[in-house]
């Protein structure tokens, strides 16, 4: 057997892994994006709880962020992977459903990322909310806006504007975290590299390719977030 | 809050309805590792191949069910079965007492030898009994003798093996105080570390070691010492199943019995391992 | 839940704590030196050095640590003859040193940004004042810049320390038997994933809680000027009169 060159190996030929790697990269992006959205929803709820006047809600939210930021993400993902289906099965049998309630690896991965990143996004949203000036909220209330209208018209647009840099950081974090999902068997970029490295016995070539692809995604998304930031700040005068 | 609860229940109910409907089409989900050539491995482009993939397709045809084969990391393969991620495991898994505590097995569909491999220029190349077979159940005296001879050579060495396997159980039983045992997630990883010289020897199934040595990158590796079986190494390779899934066990048992009887297993093992590895007895 | 099993698990997982802390603190110590160098390069004003520092930070912050670990451990294993020629193989042969290297390079990138932030936050007036007193060079750095920068950077560096303790769990993938490694082994023996992972999670939580408290104590000790002045006792007694 002749040694394949690097480009034959990662190319699109009969012995090339190019296609598989591209699909896997798409999977990484998809699971990261779904995780990011799930995390944004969880983060908003938790930030809301943290800012609420109820002691119970506040301490629950604090407990959640403390625990999630204190244990390794790898453990959270394992726990969710093994515990998630068992819990779902238990709930299912409560309702009289027999047997198999499986959660696809993709859903497990996206939810696990959402739960981990929710803790980080909660802090981002909370920080951003505190920047919204009290005066504006009072003004909104004095013109008779309801809570929901005020949230939609006054709070959300401003919080989002101040949260963009923080969200950019969380996105990077999520992107890297999605690599850990490989342990659950979802064929994303790292797992595909893993499989390819094992079956061709060329680990360096494939892990290097994976690293380059991750860096490429990072670079593109950093640029996009910077654009978004510039756009959202177009009406604001900077202090400096 | 009541509205949320109602919506939640609604979603759950529809999810259950979908999974209920899926169960009626009789799809059996089988997990394999996809990193254990030639039993099961991932070929160019990411397609699953190997002895167990061929066998699974044959057995499913016999059982008249649709099969879906998924890959799953070895170290979580049993907990995920019990967590109902899939219904069966076909991943070169041996029947052992320890595993029987948590899952059920079908009747064995293959059996084979286990042993050490090392580099040709290593002092461990002289491990006793190369080319011979020792069954730890049938010949305890020979087993004791060979363990003693191996211990002398392995003193202070590092041996790699795959975690959560009968191979690890074997090393821990006999060489725990003699050698350093290093555990790997996959056999491919300990092969790479053997070639890189991070371990002095590896202990694995002969079938998997032979597949590795056949590759040009590993031409300096060799099987050293006798091939062993029985004892903690288990009673043959079988389909792993959940304990409460008696129906599926019966179906697999019947199908395997038929595949042994008509020579399918002999043919498939010849194809993938170059030797007949049909279960004995 | 089976509490007896969890207690036994807890005791067995505790034996992984020394290695976890060893990996975390060794790499943080090496990483701090590396981070300082990178931060100084980044602020040196020399274009080549700046570009190198920027590129370094981008590469190590922009790719997953797990990929870096695989690349260093299995990837470099592919080049054993070359590494042997350079006399580096005895280093790369050991999974421990590969893990330390990957973690150090990683924390070096993150911490260099924290240090840079801290150094940039030193008020210009302080430096000017020091110069006016005749301080310069290393003395200025040691007496004025460094202490202020350290105080500024400490909260962020505390989080980095926590992140590193968490990151050591990835070393289990290259055969290191730290907490997560032992947890995985226990699962393969008992097949009780959920209980084992809950206990492992609790241990990490306790470790990180202790570290957070230590960092907070250090912060308190380093910033006496921010504390409320102690209430004079006399006024308390005065109320009673």
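When the chains are written out, they are named A, B and C in that same order, and each has its own residue count from 1.
Everything below uses one rule, namely that contacts are C-beta pairs under 8 Å (C-beta built on N, C-alpha and C of every residue); 3 or more make two chains touch, one makes a residue touch a chain.
Values in this document were obtained by computation on a predicted structure and should not be read as measured data.
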Chain contact graph, described as a line, ring, star, complete graph or other shape: complete
Interface with more contacting C-beta pairs, comparing A-C to B-C: A-C
Of all other chains, the one whose Cα centre sits farthest from chain B: C
Central subunit by CA centre of mass proxy: A
Centroid distance [mean C-alpha coordinates] between chain B and chain A, Å: 35
Distance from chain C to chain A - Cα centre to Cα centre, in angstrom: 23
Centre-to-centre distance between chain C and chain B (centres being mean Cα positions), rounded to whole Å: 39
Shared-contact residues (touching 2 or more other chains) in chain B: 76, 79, 82-83, 189, 192, 195
Interface hub residues of chain A, defined as touching at least two other chains: 78, 82-83, 86, 197, 203
Residue list for chain C, restricted to those that touch at least two other chains: 74, 77-78, 193
Parts of chain C lying in touch with chain A, wherever the complex brings them together: 58-59, 61-68, 70-71, 74-79, 162, 166-170, 180, 183, 193-194, 197-198, 200-201, 204-205, 208-209
Chain C to chain B touching residues, read off their complex: 74, 77-78, 80, 89, 93-95, 173, 175, 184-185, 187-189, 191-193
Chain C-touching residues of chain A, taken from the complex the two chains share: 66-67, 69-76, 78-79, 82-83, 86, 172, 175-180, 182, 190, 193-194, 197, 202-204, 207-208, 210-211, 214-215, 218-219
Chain B residues within the chain A interface of the complex: 12-13, 15-16, 19-20, 23, 29, 34-35, 37, 41-46, 70-73, 76, 79-80, 82-87, 186, 188-189, 191-192, 195, 215-218
Footprint of chain C on chain B - complex, ascending: 75-76, 78-79, 82-83, 98, 102-103, 163-164, 182-185, 189, 192-193, 195-198
